[in-house]
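In what follows, a single structure is set out as structure tokens and then discussed.
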């Protein structure tokens, strides 16, 4: 039982990290990244490859690079690799396109990534994927398997808090406001002097980094990763979490993660296999689809809609050090 | 002695085609500092395209645009915006999920909390300048009698209020010139008259404007000089009474 | 070089199937401005409809008609009851594509739930083989190509000669204007989805006839080549879709023959990405890249 709960918690924290990254890209900045799962995968593969040690002839799995970097370097490497890939993908494919074309570009990229990873057997061991990825500090800590899991859950929780504070720091700041403005009307934001292309790219890279970190932390726990782990519909599980929880609201995103990938999908996993093996899983996807449709129809802003900024009224301070920018505006006229 | 009004914007021989049709075909005109320059002409004359080119949203095929003595031809919209030329839009361009106050705050340039590092340094870093900005924004809201709508989501405003929002937002960006694309379209007459007064006040305070407008009576009241376009070219430039009498202008409006 | 001619032959068959599917796909787009990513799964559902009829003893070619009818009605109902509602509310374009993806997930997994994840095939013989130079075709394949040609001709006649076709073209170009000219755009859209749904059904069965076995994901696997064909030729343009289908069908098979069999799909992917990034309006279309319109 304890194994189950600790595993569930680890999944929860990792999924929250992933959802927060996508919420930053999509919910706050309006970037349509239907290939998000690929960046999680890159983080996972990178962390795996730098922890598995160098490849050698006769190895049961083949992959590029190969190193035995100590904790926590594989996680940083995973984040960095995903960030770099985000930069490349962002520069090439974030364009002034109709939003549904943009969506399709990203979706096709996701499919291409799966094709490449499955077929290029020397890259990350093709369809079989990578396995026996060492769990970080397992030997050094010398804990029992169960205690290790609790420790890992604590580690994942810590990282999740860091990520949350980071994305919340952006969302509640003037930067977050500018991103939301860019999302709501890019043309007007440009006309006001906002460099939307650079902003969008920056958010894409930052979100990509977060995705990579979450993938790395995940793979270091489950110790295996193959193309089957990151097919294109997985992005839509995250998307469903955001739609349900509330796009643009980081608290909402966490609730959405609790409800959809963790609550709903994990809960139904333990139903007895009726009809045949895999029936439940198929119905889970039907429900994900229905959930997306229902929320888009009835509550497109999610359970916890985005909170715009509200400002306290302060007494006007005449003089003092606050700089008042010059605006061609007459002083406040008396109210008629 | 009245000093010679200086040109704040100079457009020379600008052309732009779309799929074989020349939307703007060698347009040339000057906008004067501290004046509301009107841009009129029949439908399809190329006014919106020309505004798009001046504002940087559309790249011209040829010609030059000089703003405050600086060649800005082909610069992207956000660069031109940062140089002080702010374009407002015909259809609602409000930031729908932001409040009215937030809409104004976004427009201010050089905000400390707008960089990634600045944002992460937190309220202690960008708080004070943000607070000052909020006061400026509130005074703008007050001036346009929109204080009550401070926390209203911009999407919920009426058409006329959205127009005011466009103008207020443009002001927050420290503009040297504002491009107004049909600022009265879809606005009820009472509010339209109010907006006219605001524009005149802003002009008197030194703000330069270019206004695309259909209603010639409005143009007469507000604009000097007036630029007349037809079929992608500027066919007349001068005060309203000058151009109103010109044969080419009358012909253009008849033929369309 | 030896493999080139037969590859072209295979390419012609693939192109035929793609053409039927792509024209259907592009028709849906032209009247409703929706990229229906559930199209591949609707193809699969139609293939299953034919399967059920076929299992009940119906001849495969009649089952194909069953599939076409099923596809017609199913597609029209999906548009009426799901897509149209969202469009009416002003859902943005990427919102619509999320809707179609959700529908795709639902259809595909419902099929999985009902029919179980295994492989299916029709009671249908491929028929005698015919040689044309070094190209080899079975009777089935020739029939598919004939169906494709007939379907393309019918679509051409429909669009250019009939009142309905003109109404469809008007609705596609400017729905508001069409309405004010007295065209009942709602009904025109229904009919467009009926016709494109029928094409979808025919294509779904044709795919199976060509590949002998199918499963719940067969149609989805074709979605990228179909979209690639439609977009390459110019989305919204039926003739463009035919042109695109020809290009992708042949290019895919030739690449598979000359380079590597797994390259058959990759070509379609690459073409689609390149077209979307470089020239989204395709070869024939003049639709601007950044048009946000809801019907």
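For clarity, chains are labelled A, B and C in written order, and residue numbers in each chain start from 1.
Heads up, the rule we're going with is that a residue touches a chain if its C-beta (ideal position, glycine included) is under 8 Å from a C-beta of that chain, and two chains touch if they have at least 3 such contacts.
Values in this document were obtained by computation on a predicted structure and should not be read as measured data.
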Contact pairs, highest-scoring chain pair: A-B
Most remote chain, CA-based centroid, reference being chain C: B
Central chain of the complex, centres being mean CA coordinates: A
Distance between the centres, which are taken as Cα means, of chain B and chain A, whole angstrom: 39
Averaged-CA centre spacing for the pair chain C and chain B, given as whole angstrom: 47
Distance between chain centroids, defined by C-alpha means - chain A, chain C (Å): 33
Chain A-facing residues of chain B, complex: 55-57, 76-79, 81-82, 86-89, 93-99, 101-103, 105-109, 111-116, 118-120, 122-123, 126, 128-136, 139-140, 142-143, 151, 153, 169-175, 201-202, 205-207
Complex interface listing, chain A residues touching chain C: 32, 92-93, 95-105, 107-109, 111-112, 115, 119, 233, 236, 239, 275-276, 278-279, 282-286, 288-290, 292-293, 296-297, 300
Touch list for chain C against partner chain A, complex: 35, 37, 82, 85-86, 91-99, 101-106, 108-110, 112-113, 116-117, 224, 227, 262, 265-266, 269-270, 272-273, 276-277, 280, 289-292
Residues of chain A that touch chain B when the two form their complex: 166, 169-170, 173-178, 180-181, 183-185, 187-196, 202, 206, 248, 306, 308-311, 314, 316, 322-333, 335
